[in-house]
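Have a look at these structures, which come just after this line.
Here subunit A shows up in two complexes: once beside subunit B, once beside subunit C.
Up next is the complex of A and B:
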């Protein structure tokens, strides 16, 4: 069995409303891309396709592979300013 | 450089005076100062807007704002830059964001302030939720977040 990886997940704005929580801690047993994890987390939900993803405070592509201890955030397009 | 996220109403002009007085005093290289201020309107997309919640991603927001200002410092050789952005619960007329650039000549100050503002709108993790007569709604970005016609600032 692989060593479990600890991943901290955060949600913001409309994605937070959809998921019903601000954050969660996960232990995953295989290396996933950020988008594979997103699909697992939202399997039963009608989710927006334009989700943005950041790992450790930096935007990443959908195929970015998660590592132990990463913080991954999912959120809609930004609207500041 | 000054990057600050504030969670209550602030006076953007006083913030500028304070920063200039404390950090840029007596800098004889500065020949141009350029300032953009975005404030909250009471309308958007044909609805009256009575209030707004501004959410952000603490940590990532500051990192991106610093990167954006550092990019402008390199690209336009500005002497310094400032971004103060509001979060929390806002009312119409509240300042949302102030961006300022200081440089030797006006072109670089104008261009840097514009670039910083457009990059902020495209990249910095902030989200607006409006309170309207039809209820609450998350503001959607326009087709291009780098265009000037946008959702909350820059009244036509």
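Up next is the complex of A and C:
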């Protein structure tokens, strides 16, 4: 049995619009990467698969494993000008 | 053509008046104006970001600005590309920007290149003090990143679409610092060009101005910059957030 982890999720800019909320708190009982959590959160939504991710205000790879108390932020790539 | 930059110890009375409000700032002073007059920035892209950047760099007393863009001015540009007017439609961006900047600062040395930036033209960065990426697509951004690593130049990256933007300072002149590819290597659908997306005009002004600001701070070495950080801007909810970026040990571009 995996220890229960408290995760604070933040959505930024157009990701916030897609998700319909600015943030949410989750209790997670399994080891998850930040991108696995993204796939879970967006499973029933038609959202772009590209997303950038920061944990505790630091940019991370998609395979970064979440830890208890982390704040994970999802934000869109931006390349226009 | 090799044009000489201004002599840094030769500020005229006209300069002292023109830059008075900057000279009064403790972080700039007369010395800062003298230093800026010796500096060369390469600005790639003269669209929504490039227009405010070019305008503010010209009026800051920068010595030399190289401008690179191969676009023609179109009706749809005028909403946010503030250096152009309806009488400029159909003209080259580089020619038009050169004319406008000369009216703002006749001492500014301008080198214009009516080309699409590529690795073949990367030698244009050779004598730059820093490079500004104000382009509108991932593939050109990636080439600019590669070229600034090759020539060891700091890169000020800005991007804007819809109601969101990003700015970062990549110290590609230094070792062991993150580059643009450390941040964007994981993104698959990189060609979501702004061609089919809307963009709020004030957003491009905000992002472009932050790029110009970070350029001046880096050249004059004051304040905290966005070095190894990414500024996220959400103007819809007027939300700003800064995240730290580390060098990716697996990055294929900067290792």
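Of note:
Just so it is clear, the second predicted complex is superposed on the first by the 76 of 81 C-alpha atoms of A that agree within 3 Å, B and C clash if a C-alpha of one lies under 4 Å from a C-alpha of the other, contacts with A are read in each partner's own complex, and residues count from 1 in each chain.
As a convention for this text, a residue touches a chain if its C-beta (ideal position, glycine included) is under 8 Å from a C-beta of that chain, and two chains touch if they have at least 3 such contacts.
Note that the structure is predicted; figures quoted are calculated from it, not measured.
In the superposition on chain A, A:3 contacts neither subunit B nor subunit C.
In the superposed model, C is the one of subunit B and subunit C that contacts more residues of subunit A. When the shared chain is aligned, subunit C comes close enough to touch A:61, but subunit B does not.
After overlaying the two complexes on the shared chain, residue contacts for A:12 are found with subunit B and with subunit C alike.
By the touch criterion defined above, A:30 lies against neither subunit B nor subunit C after alignment on the C-alpha atoms of chain A. When the shared chain is aligned, subunit C comes close enough to touch A:49, but subunit B does not.
By the document's definition of touching, both partners, subunit B and subunit C, reach A:77. Residues 12-14, 17, 54, 57-59, 73, 75-81 of subunit A lie at the contact with subunit B in one complex and at the contact with subunit C in the other. Against subunit C, the residues of subunit A that register as touching in their complex are 12-14, 16-17, 22, 48-50, 52, 54, 57-59, 61-62, 73, 75-81.
On the subunit C side of its complex with subunit A, the touching residues are 45, 47-50, 134-138, 141, 158-166, 183-184, 186-190, 192-194, 197, 199, 204, 207, 230, 232-234, 236-237, 239, 241-246, 248.
Within the complex formed with subunit B, the residues of subunit A that make contact are 10, 12-14, 17, 54, 57-59, 73, 75-81. Residues 38, 54-57, 59-60, 63, 85, 96-97, 117, 120-129, 138-141, 145, 150-153 of subunit B touch subunit A in their complex.
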